[in-house]
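Okay, got some structures for you below.
Look at the two complexes coming up: chain A is in both, with chain B in one and chain C in the other.
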Partner chain A sequence: MSHPILSRRLLLAGMGMAGMSVAPARAQSTPRRGGTLTAIVQPEPPTLVSALNAGAPTGVVSTNIFDGLFSYDWDMGLKPALATRWEVATDGLAITFHLRPNVRWHDGQAFTAEDVKFSLEEVWRKIHPRGRATFANVEAVETPDPLTVVLRLKQPSPVILGALNAYESQILPKHLYAGSDALANPLNLKPIGTGPFRFKEWVRGEHIILERNPDYWDEGKPYLDRIVFRVVPDATARAALLETGQAQYAPYSPVPLTDVARLRALPGIAIETRGYEWISPWLFLEFNLRKPELGDVRVRRAIAHAINRDVIAKTVWHGFGKAAVSTIPSTVTRFHNANVPQYPFDVRKAEALLDEAGHKRGADGMRFAISHDFLPYGDDYRRTGEYVRQALRRVGIDLTLRSQDTPSYLRRVFGEYEFDMSSSWASSFSDPQIGVQRFYWSKTINKGTPWTNASGYASPAMDQVIEAAQRSADPAERTRLFNEMQRLAAEDLPCLPLIELNFFTVHSKKLHDVAMGPDAVYASLKHAWLEG
Partner chain B sequence: MAVLRQAGKRLVQAVPVLFGVVAVNFLLMQAAPGDLADVLAGEQGAATPEMMAELRARFGLDQPVWVQFAHYLGNLLTGDFGYSHRLGLPVLTLILERLPATLLLMLPAVFLAAGSGMVLGGWAARRAGTWLDGLISVGVLIAYATPLFWAGLMAIVVFAVQLQWLPVGGMRDPSAAYTGLAMAGDVARHMVLPVCSLALFYAALYARLMRASMLSALQQDYIRTARAKGLSPFQVEAVHAGRNALLPVLTMVGLQAGSLIGGAVLVETVFSWPGLGRLAFDAILRRDLNLLLGIVLVSSMTVILVNFVVDLLYGLADPRVRAA
Partner chain C sequence: MRRVARLLLRPRALVGLLLVVGLGAMALGAPWIFPDDPMDMVGSPSMWPGQEEGFWLGTDLMGRDIAAGVFHGARVSLLVGLSAAGIALLLGTAVGAMAGFWGGAADSVLMRFTEVFQTMPPFLFTIAVVAVLGPSIGNVIFAIGITSWPAVARLARGEVMAVRRRDFVDAAICCGTPASGLLLRHVLPNALSPIIVTASVLMATAMLTEAGLSFLGLSDPNLVSWGSMIGGGREALRTHWYMAAIPGVALALAVLGLNLLGDVLDDVMDPRRGA
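Moving on to the complex of A and B:
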C-alpha cells in the first residue's frame, strides 16, 4: 500500500524538479517556533466570520481565528478539531459529537455544547447560504452534557459529515452572539474564536493582523507568532511583493497565470496546487434550455464535440486544469464516475449533429447565432470565452461574447435568464449534494437566486436520483446514486463540464507545511512555520 | 466680513447642487443591473431564494425606489449618511477612516505638480524657442501621454523590485510597529512612488498651461513699462508677469483639486494605497449604494469648498477680481 500523501508529494516534487537544473532540497524538517508571516488576501474580506459570510477571502482569514468540529484528511475522512469523535446511529437518524474538553474562547470563556447548538440552530441553518440546506433535516439538537451534542434528524443526512470544517460550519461563541442580530454584531469585525490565532487589528484597505493564541488546545501550535494579511488589489503589485520576499504566502491564484512561469522560475518561490481538493473547483458552460436551439440536446452535444477541453486546460489555463470527464470532478474520489457518455473533440461529428438538428449553414456559413456571457473574474475566463467562440464558429455557430461586471452578470444569468450560454466556475465540495446537485435539480430552478439551476433543466429521472441520494444513509448506495446522476447529466447535458480547475497558492520556500489537507486554503496556518 | 457674506451665499447655492448630485447618482445606481443582495450571494458562491428575500428586506431593497430615496434623504437631513450593509459599518466611519490616507496622497501630489509645473512652464516661456524650451516641452509631452497606471507599474518594477530602494506598496510596513519619527519616515518612504506617479501627470498639464499663459503675459504693455522702469528681470518676470500668468493655472488646480477625494483610483490600486478612490470604486462594483452616495456627497462638498477657496485666491493674485 502506498501512502496517499507521500506518493502525491513525491509525484509533485518530481514534476517540479524535472525542468530545473539544481533544486537544493534544504532538509530542515523540524518546525521552528516564531516569526511573522506576511500573507496576501484579495479582495479584502467584508467581514471576518465565515459562518456569516461564506466568501473566499473571509474564509482564508477567518479559519485561523475559528475552529470547526473537524477538519479533513486527504481521503476526506474526519480529523478531530473541536470534536474528538462522532457516531452515526444505525438508522442514520442521529449523529452524536463528543467535544474536546478544556477548550477556551479567546476571551477566556469555556467552549461547550451550547456553542455548537447555538451555531447550528441560529447561524448555519438560518444565515449560511449552504448550511440552510445541509442542516435542513435536523429536527432537534440535544446537549445531554456540556461535551456532547446529539443531532436528531428527520431523515438520514450523511451530507452533514462533509460540511464540518472551520470554514463550512464554523462554531461561534453563544455568549457573545445570543440575542443579538448576528449579521450586525460588531464582533464580526474583531472576532473572538477558539482558533490558533487571535484577532489583533484590522486597518481597512491595508491589513489584518492576527497573533498566536498561546492557549490553543492543539499544544505547541501554532508555530508562527503573527500573521499579517495585506490587502493588495493589483495583481502586478502582488507578484512584486512575492518576488521581493515582502510577502511569503498568497492563496487562491493570486497572480495571473501568465506570471506563474516567471515566478516559478525564481529560486525562493513555490507554487502549490494542493489544498483545494475539498472545494474541487470546476469550470463549465451552462446552456439556457429555454432557447429553441439550445433546448435541443443534439445541439448541446454538438457543442460538446466542437470544444477541445484539452486546449482549454493546457493553453487557456496554462496547464492549471485538467479536461473534465464528468460533472463531479475526479478529485471528489468517493463520487466521481469516469464511466459516463463522453463527447470527444470531433468537428465532423459536431457538424453532423447540427445538420441532423435541422440547422443548415446559411449563406454566410453560419447556422445560427447565440451569445455567451462569461463570469467576469479575470482574463482566464475571457480567454476561455474567446476559445469557445472560435471553436463554435468553426462548426457554424456564430457566438457573441458579452462582458459585464459581476452583479450585471449574476442578474442577467440567474435573475432574468436573459442568456444563451454562460461560463463560470463553481465549487463541487466533497459532497455533490452541497456543490453539484444545485445545477441539475429541478427544485433549484429559483429565478433571482445566484448559483442555482439557471439552465431550466428539469428531468423527473434526475430529480428521483438526486432526492434518493439525499435520503439515503448508506454510503455505497449514495455513491451508486451519484454515479447514476452523473450519467444522466452527461446524457442530457444541461451543463457542459469543461475543466477541473487547479487553483494555486504562491508561497516562499522558507515557509513550510502550508498544504496540510484537502481544505488547506480554508484551514488555519497552524502547521505552517518559517525557516530562520 | 465680505468674505463671510460670500461664504454664506455659496452655502445656500450649494444645497440644490448637492441635492442634484445625490438624486442623479441614486438614479444612476438604480440603472445598474444587480443589487447588493446579488453581490453578497455572488461572492459567497451560493444562495437560496429565502436568503435573497431576507437580504433584500434587511437592506430595504424590497421597497419602491422612491421610498428608498425619500428614506435616504430623510436620514441625510439628520446628518446620518447611512450604513454599509456589506462592510457592517456606518458610511461616515468608513469615509473618515480613509480620508487621512487620501489627503496624504493628494495634497503633496497637487503641491508638487503645481509647483514643478509652474516653475518648468515659466522657465520654458522665458527661454521660448531655445533648446531648453524644447527639452522641457518634449519631457512634458511624454509625461502627459504616459498612462498613469503604467507609470506606476514601471516605477514599482524599477524602484521596488529591481533596485529595491522603496517598498512595493501600502502606506506603512504592517509587520513593524513604528512610532513617532520612525513611523513618519516609514510613511514618507511609502509615499514617494505614489505621490510622484500621480504628480507626474498633473505637473505636465500645469507646465503646458503655465508656459502658454506666461508667454502671453510677457507680451503685455505693462511688462514693457516695468522693464523701462528699470526693474530687475526677476521682478518683471516672476512678480509682474508670473502673478498674472498664474490665474489659468490656479483655475485648473481648483478644478482638479475637486477630484481630489475620489480621483486617484488607479494610483491607489497600483500602490495598494488605502484611499477613498478605491473605496468608491469597490462601492460601485459591489452596488453598495449608501457607501457610494456618501463618498459622492463628500467629494461634492470638497469641490464646492475648494472652488470657494480658489475664488479667494484669485483675489490675492489679481486685485481686479477682488473689485468685481
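Moving on to the complex of A and C:
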C-alpha cells in the first residue's frame, strides 16, 4: 500500500531540490573505513546459503558471508579469492587449485582443502541446481596437502572455470556440515563463512545484519563496519527509502521502471547497470512442442514474426532491455553469434506462415486458441504477456493470459508441462553450458526442475553440438560449436528470445565502489565505502 | 405516483440515479464508442490527458487508451457487481428465509452454518477462493458471491421471522395454505423490500472487492477492470498520478451512485416516507 501523505511530502521536497543548483561532486578517491550501510533485499531470502539456494536474494546477502575460490574481472578472467592460482593440465583432464593460507572460518577454524572437496562432492554436485551439470565430469577430488585441490576429470570441462565465484560455487565449512542433511542445517539461517562480513542477526520480515569480519584475509577490507539488509516488499516504499537516504544500496531493479527517470534526476542517487554481465539475463517465450499447433515450426516462426521485440524493450521494459537477436545474449561476448536466422517484425509474413501451416482464420477472425502463462514476478512480466497477447491476436491467434502464484507457475510449466506458451527470464551466465544449454539439450527435459527444457525440444543435431562443446577443451572450438548451437536454436525455435534484460542497482552517491566486476551483484561489498 | 416522483426529484436521488444510469450507459456503450480491444497499445505511452489528440483521458504506461479502459472497465465492474450480488441475494435469501420461516432446529443449523462463513474476514476469504480456483472472471464472481451472502441471510431471517408472526400469515395457515405457498406467496414478498435495498449496496461492495482483487493482481489478466488500472497505475503514482486517479474516480462515483440509489429505493419502498 502506498502512503499518500508521505508521497506528497516527498514530492514537495523533490520540487524544492530541483530548484537548487547541483553542487560539484566532491572528489574523494581514498576509501574511508567505517560506517553502517543500509541495503535493501527483495524479496526476503528463504535461507542465507547460495550453495543450497540459487535464488537472487539469497545470492545478494550470502556472498558477503561466504567466499568462492575466485571472483571475475571485467573480461571474465579469474581473480584470486580463496584460491590464489590454478593450473589446467595440458590434456585438460585435471584442474589444480592452490588455496590461500591462513584463512579462518568465522568460528576460528582453519579453512583447508577438505572444505573445498566436501563442498564440491556433497553440496554443489548433489544439491545445487546447476552444479550437478557443471561438475558432472569430475571423477575424483584429491587433496595432496591442506592447501592444494586437484580435480580429476573424465573429459575436459572448461565450463568449471566459469562457475567458481562465491555465488555459483560457494565453499561451505566441512566441520559444520559433514554428516548432516545440509538443507536442514540450522546454520543455513545463521551462517558461518570465510567472507568479509559475519552474520549477526536476522529478524524475519525486518532485516538481516552483517558485521565486519576483522580477520578477513584481504587485509584492510572490508571498509564498512556493518551492513543492514532491510526487507521492503513494496517497490514504491523502496524508492522512498532510497530517495530519502534511509537506504543507500538496492540491487536487482528495486524500484518501478517508471520511477527510474525521476530518481536518476535526483542529486544524491546513482543508477548502476554494471555488475550484471556475468548473469546476462534474457527474457524469452518457451513453446510447448507437445501441443499440435506449436509443434509446427512454421507456427513458432509466425509467432516470432508477429512480435515486435523493440516494443517490448522500449515500452514494456522502459528501455531497460535490448531486442534479442540470438539465444546467447550479446553481453556474453565470447559466445554470442548475431549471424543467425532472424525473424523481423512482419505481420504479413506471420499471417502467410500461419495460412501455410493450415490455420485459416475462422468466422470470428481467429485461427486457433492457446494460453500463455507469464512468470508472476511483477507488473513488467504481466505487461510483457499483455503485449504478446495483443500481438498474437492481431495475426489471429486467440491468446488467453493465465496468472497465478509462483509455485503454481513452476508446477504448471516445469512440473506438469500443462502449458502452451510461457514467458520467463533466466540467467545465461558467462558460459552457455551453465545457463543456456539447459533450455535446448534433450537431456535436460527433467520434469520438476525449474528453468530447464520444458518445451520438450529434442533434436539429435542440437544434442550433438551441445555435447561436443561440453567435451571440448579448445576455446576456439567451443565458440564455434556454440555459434552453431545458436543457429540451430534460431532455426528450430523451441524458445523465442525476446529481449536482453538490463537489471540495475540504485545506490546513494555517497556509497562508492559498488560495481567492481561483472558479477558485482553476487559479490561481496568488501570494496564499498561510505563518504563521511 | 406523486409521492415517488417527489422522492426521485430530490437532489440526492437525482445524483444517484444519474450516476447509475451513467454507469449503465458506459457499460452498454463501450463496444460502440471504443470498438477495439481496450488492452491494445494504440498511442505513445504515458501521455497526460489531452496531451495527444484522440486520447482525452491520456494513455497508460503501455500506451493504452485510458478512456477505453474506463468504459470497458465499467462493463467488468457492472458484470461482477450484478452477478456477484445476484449469487449473494439468491443464496442469502434462501438460507435466511428457510431459517426464519421454520425456526427451531433448522434455524440453529442454518445460522451456525452462516456463522462459519461470517467468522472469516470476507476479503481474505475471497482472496483465498480466487487463489485456489485461479483468477478468471467467472471465479472472481463466484468468490465474491459465495463470501458476501451471510449478511443477506441474517437480514432475510430477521425479516421473515417478523412477517411470520403477523395475523395475515396465521389467517393463511387457517385457510390450509401449504408451507411452501405460505413462504413464497405470503411471507417472502412482504419481507423483500429491505433485501432489495441491500442489493444495491451489495453490488457496490462487490465492485469494490473486485477492484481490490484486481489491484492485488488477482483478476482476469485478459480483461481491463478499474481495479487493475488502479493497480497498474500505482507504480507511476509519483510521476503520472492520473493513471490511477481516473479509474479511481470512476469507481468512487459508481459506488457512490449505487449507495444513493439504495437510499432512494429505501424511501420509495417505505410507504411512510415522502407522503
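Simple rule for what comes next: the second predicted complex is superposed on the first by the 507 of 532 C-alpha atoms of A that agree within 3 Å, B and C clash if a C-alpha of one lies under 4 Å from a C-alpha of the other, contacts with A are read in each partner's own complex, and residues count from 1 in each chain.
Following the convention adopted for this analysis, a contact is a pair of C-beta atoms (placed from the backbone, for glycine too) under 8 Å apart; a residue touches a chain by one contact, two chains touch by 3 or more.
The structure displayed is predicted, hence computed values, not measured ones.
Under the clash rule set out above, the superposition-derived model of chain A with chain B and chain C shows the two partners fitting side by side. In the superposed model, A:405 lies in contact with both chain B and chain C. Note on chain A: of its two partners chain C and chain B, the one contacting more of its residues is B. Look at A:448: by the touch rule set out above, it reaches chain B but stays clear of chain C. In the superposed model, A:46 lies in contact with chain B only, and not with chain C.
Once the two complexes are overlaid on the shared chain, A:183 sits against chain B while remaining clear of chain C. Shared-chain residue A:236: touches chain B and chain C both.
By the touch criterion defined above, A:54 reaches chain B but does not reach chain C. Once the two complexes are overlaid on the shared chain, A:205 sits against chain B while remaining clear of chain C.
Of the two partner chains, neither chain B nor chain C is touched by A:302. Between chain B and chain C, the minimal CA-CA distance in the chain A superposition rounds to 5 Å.
Residues 236, 404-405 of chain A lie at the contact with chain B in one complex and at the contact with chain C in the other.
For chain A in complex with chain B, the touching residues are 36, 38, 43, 46-47, 53-56, 127, 129-130, 132-133, 183-184, 186, 188-189, 203-207, 209, 226, 228, 230-234, 236-237, 240-241, 243-244, 246, 404-412, 414-415, 426-427, 438, 446, 448-452.
Only residues 37, 39-41, 45-46, 61-63, 131, 134-135, 217-218, 221-222, 232, 234-240 of chain C touch chain A when the two sit together in their complex. Across the complex, chain A meets chain C through its residues 2, 7, 10-11, 235-236, 239, 256-259, 261-262, 311, 315-316, 374, 376, 379, 382-383, 385-387, 389-390, 393, 400-405. Residues 32-35, 38-52, 58, 86-89, 94, 97-98, 101, 153, 156-157, 160-161, 164, 167-172, 174-175, 269-272, 274-275, 278-279, 282, 285-287 of chain B are the ones touching chain A in the complex.
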